[in-house]
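Okay, here's the structure, questions in a sec.
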Amino acid sequence: MQAKPKEQDDAALLAALLAGELPDARGRFGAFGGRYVPETLVPALERLEAGVRDYLREPGFQEEFCHELFEWVGRPTALTPARGLSRAWGADVWLKREDLAHTGAHKINNAIGQALLAKRLGAKRVIAETGAGQHGVASAAACARIGLPCRVYMGAVDISRQAPNVDRMRRLGAEVVAVESGDKTLRAAIDEALRDWVSDPDGTYYLLGSAVGPHPYPYLVREMHRCIGDEARAQMLKQAGKLPDAVFACVGGGSNAIGLFHAFLGDPDVEIVGVEAGGIGSGLGQNAATLATGTPGVLQGSYTMILQDPNGQVQETQSVSAGLDYSGVGPEHAFLQSIGRVRYEAAGDADVLDALDEVCAEEGILTALETAHAFVGAREWARKNPGKTMLIGNSGRGDKDMSTLVQHPTTRARHAGA
Amino acid sequence: MQAKPKEQDDAALLAALLAGELPDARGRFGAFGGRYVPETLVPALERLEAGVRDYLREPGFQEEFCHELFEWVGRPTALTPARGLSRAWGADVWLKREDLAHTGAHKINNAIGQALLAKRLGAKRVIAETGAGQHGVASAAACARIGLPCRVYMGAVDISRQAPNVDRMRRLGAEVVAVESGDKTLRAAIDEALRDWVSDPDGTYYLLGSAVGPHPYPYLVREMHRCIGDEARAQMLKQAGKLPDAVFACVGGGSNAIGLFHAFLGDPDVEIVGVEAGGIGSGLGQNAATLATGTPGVLQGSYTMILQDPNGQVQETQSVSAGLDYSGVGPEHAFLQSIGRVRYEAAGDADVLDALDEVCAEEGILTALETAHAFVGAREWARKNPGKTMLIGNSGRGDKDMSTLVQHPTTRARHAGA
Amino acid sequence: MQAHERITEALQRGAAEGGALVPFMTAGYPEPDTFIETLHAVAEHADVVEIGVPFSDPMADGMTIQRSSFAAIEKGVSLRWILETLTEHREDIDTPLVLMSYLNPLLAYGYDELGAAALKAGVCGFIVPDLPFEESAAFREAMQAHGIGLVQLVTPATPADRLETLCRESRGFVYAVTITGITGGGAELPAEVTDYLENVSEVSSLPVCAGFGIRSRADVERLAGAAAGVIVGSALVEVLERGDDPRAFLAALRTP
Amino acid sequence: MQAHERITEALQRGAAEGGALVPFMTAGYPEPDTFIETLHAVAEHADVVEIGVPFSDPMADGMTIQRSSFAAIEKGVSLRWILETLTEHREDIDTPLVLMSYLNPLLAYGYDELGAAALKAGVCGFIVPDLPFEESAAFREAMQAHGIGLVQLVTPATPADRLETLCRESRGFVYAVTITGITGGGAELPAEVTDYLENVSEVSSLPVCAGFGIRSRADVERLAGAAAGVIVGSALVEVLERGDDPRAFLAALRTP
């Protein structure tokens, strides 16, 4: 990150990624990634890295993980032909249905996988952070399933705007701790979880919820979610009879997106688009479009794109969706953007709400506000590329968003007037 | 129903059911069932019956239905080995995960199936009733998917206690009509939906949400849900390597139960238990344990077991779960009870809340309050029958129940104290 | 003469006098105490009186009759009480009575006992809105044993062959529902209503009474030639609800 | 003499006089206006002063330092402002200064410019809590070019071989974190703390300062023999937060 890396061949970098050579020994995807943490956490992260190395590809662990995904999470999730949207957009649209996974979003893949890893590593307790509450609920559920106590850090602001998820976590046996510091949302919750971990790096397993943070988390979380893309690619071939022309996912920290994208990175004819939160405008503080509008920096353990002022102070974000409301992004996305393999763009709040309504009306699927961002990007793409086959990662369900949604009445209702 | 049917051979009746001879031409399961509706609806029900006859077994319809179940609902739903419960109960417990189906409960199987049928029958609009809101949400989603306008009748009391589901229905484009008459809960909503239907029997399709009502609904709804049991039976053989010794499901109207039970009725060694809402006591009006405590009568189109006073006035019910809070029950269950093939018992509110917490803590699954009744019955059975293999229908998720649950704090939390 | 023939006769007489009038009142509404008093008042301008047995789930009824039904149940009105009260005042009432009841209260009472008790109470027939013909054999037979008739309902949507069956099997009169809908609906009587009623009247050898949505003298006049009589339900229950005198209302329906 | 050697020297002097004291203060807290005034007051009883650069995400800090950090950012305190203000008052300050900063403000400033500006401001070293040794080469080299040192932190959990590396690569002093935890934690100093510090002191050729959780004269006395000096952070920031005079507090830490 120091001196600008000299111009490198993007294709070679992509090939290195696909060959499993990235992240490299220093936890880097090209310039991005690394491990920027207090000294206290270095041994803990080294232990975690060793655990990842020892267990992740070990047949016994893989079998256990796959069993939980199949038997408990409900994988494979469906691939839905979106007939209404296809008609409306003049395209052939398919949805990868992570909203059908246990607890209602892709987050559970990672939560159960890491909970199994925590158990192997002999952890006595698990901590996690959460923004919208989805990762908190997923962690609470996974820890109950595996039999580990779980504490979830959540910003005080998020606690009050995502009350149902707080109740779900508690009911699932997790302790929810309100974070009153910083911006009292996701970033502050991660900071607080890191503080907890620093205080007990041996007994505690930090179950990070997105493909962010210090190495090996971005890699680990991607591996936990790669089932999304692996399944979707096979399902496209089987159900649609071909690969999509373009793939779309929303990007907060970037876990659902990286899980979906990875399977298609090596397909040169597949265009890949990540959609971030465009919030209420393009100015600093008005959105959470880290890749589209941010600059490189170090946040929460990783060198990546972040939203910061000229002094390096990380900025608060703005988005109708709590789960994308984050000033950083996974370093692998920063890498994929830097080598031009994935394009990242932003979707504004108003378009997002409209897209959510369109998905409801056309498909009978109440998608999450986060997810609706992907549909905005896809819809625009369809306008410019008629008749193409498209795959959208439907990362979660919108039940958790009702309190926000009721403030924005739908205009698309198709009533059964008497 | 008039004169007591003379003693008949229960085995012969069961055989007739399994051979598809029941319901008979008059829509009867033995003494139960039939079609008790205003004359205006007779032609509409005859059309529906013809539609069921014409389409239900037609390969084109079956293919379309199966596709929607697979691609949109997310079937087959998982069969989960419940390791925590198995340990706690000293049994081998398996859960059929209808909570993972689109919109969060088994209700969607029936909703999408009937919506497809409505389309075939040329309906201009769909009406539905709902109690807890699950069938309303499922109907709203299915109608959006199929492209039909949808109106949902819901008791005013239920509207205020299940607000999130009301918002979900509206978001999915349905019109929700508050029913202010009668007990303002599910029974009143069915009455009101029937009144709507009487007013436009030609253009309207009434998408009834449980295995109740006039013929052919109990049969039609069962067929829509038989995938639950068919899948579960095959999954038990594959995953557990054998059939269960006992099968459990909660019973409101009885749709999830009949869907699960049917596949096992012909397995003489499989004990089958339906669990109704025991509410706060065994007195009339204190529960919704229709089969366990009711008497035969005619309610909402069907001769079945109902909760009534000596004057034949149908009684209000009491249960912590809105979805079981109903004074009637599907006639096929009354029949199965009468021939001794299925046992029905009641679970009281306090036990239900405790069982819900146990499932959360042991399995990381926030089950619905309705569903938790089945766990009460199963837990008791396990106590008396150690070491057996058990299958429980996990009919839905409990997200919708949070407002009720927060009033009953859990005592099982396994906290990650620092 | 069988009980149900008393209905037929009264309606034929009414028809001959310019059109029969069958008012509907919910038993014990607005007050159980004034049931008989109200019945007398209503009967003054009636050829036959239809008395509603309140039920918890009146699926074919609109808000007005629902309200009256729930209020009556609240105040303890039951089929048993209705029959006992009518029996007590049997001597004072010579207008033929028809009970309108959903099936379940009848089932709960027990068919065996019901026929005799109803006859004793002056009940000549039953209207059971949720008992279609196919399900009605047992009830019809049980009532028939006491000469009490089950009135069949027909609707504009009833197919021709079914209409013939229903008209043939009806007793007392044929209840021709004018609209597809529930009682007390706000809808106008449909344009084709007279054609429909004339057709039913042609098929039926019994008098045909038109019911549902009949509220005014104008309605009555419109149907006069096409049916033997009219049934007036919700409009009358509204009068009772307001505490007004049913006599004035019913008289106005009869007199141009 | 390189800038980082000034730190070492000052600490050795302090150690020889009964134990060095390194107070930590957040720059521009409680008020930017009184930054230099506060610094003078703190420096009076300090061998080296550690100045905190406020950061939006202070992940290794407890509530006290977080609060001071957020307050300072709110009031416009930035690395640029700190260096400019220190440079303005360069002449008045002869205590060696160490800047404690998370990495991102340093990155944003730019390493090339930073070394020169820091040197001009009297900064002799950096403590960067989220920059583990493996990631630090570029920063160390850029600072080293100006003689400015990067202080390495070690903890009770640091393995022996790593401890050796860190002690060897540290400049100015070695920061021995006493506890596994964040600054300002409520925990007591652990029983084994002196063994641990003695071990670090043995491995390190530089003075070792113990930091985290040191709040009182008693703490200072306890660690006196085992380390060259102590770093007092949260306890001092609390004093500043209350608006009390830091001199009295620091003097009491020194005097038995």
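A, B, C and D are the chain letters, set down in written order, and residue numbers restart from 1 in every chain.
Quick note on the criterion: a residue touches a chain if its C-beta (ideal position, glycine included) is under 8 Å from a C-beta of that chain, and two chains touch if they have at least 3 such contacts.
Keep in mind the model is a prediction, meaning the values are calculated, not measured.
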{"item": "Shortest walk length in steps over touching chains, subunit B through to subunit D", "value": "2"}
Remaining touching clusters (ignoring subunit B, no chains moved): A, D | C
{"item": "Inter-centroid spacing, subunit C versus subunit B (mean Cα positions, whole Å)", "value": "37"}
{"item": "Inter-centroid spacing, subunit D versus subunit C (mean Cα positions, whole Å)", "value": "96"}
{"item": "Between subunit C and subunit A, distance of the C-alpha-averaged centres to the nearest whole Å", "value": "67"}
{"item": "Contacts with two or more other chains, residues of subunit C listed in rising order", "value": "none"}
{"item": "Per-residue overlap in subunit B, given as positions that touch at least 2 other chains", "value": "199-200"}
{"item": "Graph class of chain-chain contacts, one of line, ring, star, complete, other", "value": "line"}
{"item": "Set of all touching chain pairs, with the criterion as stated earlier", "value": "A-B, A-D, B-C"}
{"item": "Residue numbers on subunit A that touch subunit B, as the complex places them", "value": "70-74, 77-81, 84, 97, 99-102, 104, 125-127, 140-151, 164, 167-168, 170-175, 196, 199-200, 239, 357, 360-366, 398-399, 402, 405-406, 410, 412-418"}
{"item": "Of all residues in subunit B, those that touch subunit C in their complex", "value": "1-3, 26, 34-40, 42-43, 181-182, 187, 191, 194-195, 198-202, 297-301, 306, 308, 310-315"}
{"item": "Of subunit C, residues touching subunit B in the complex", "value": "55-63, 66-67, 70, 73, 78-80, 102-109, 111, 129-132, 134-135, 138-139, 142, 152-155, 157-159, 162, 166, 177, 180-182, 185"}
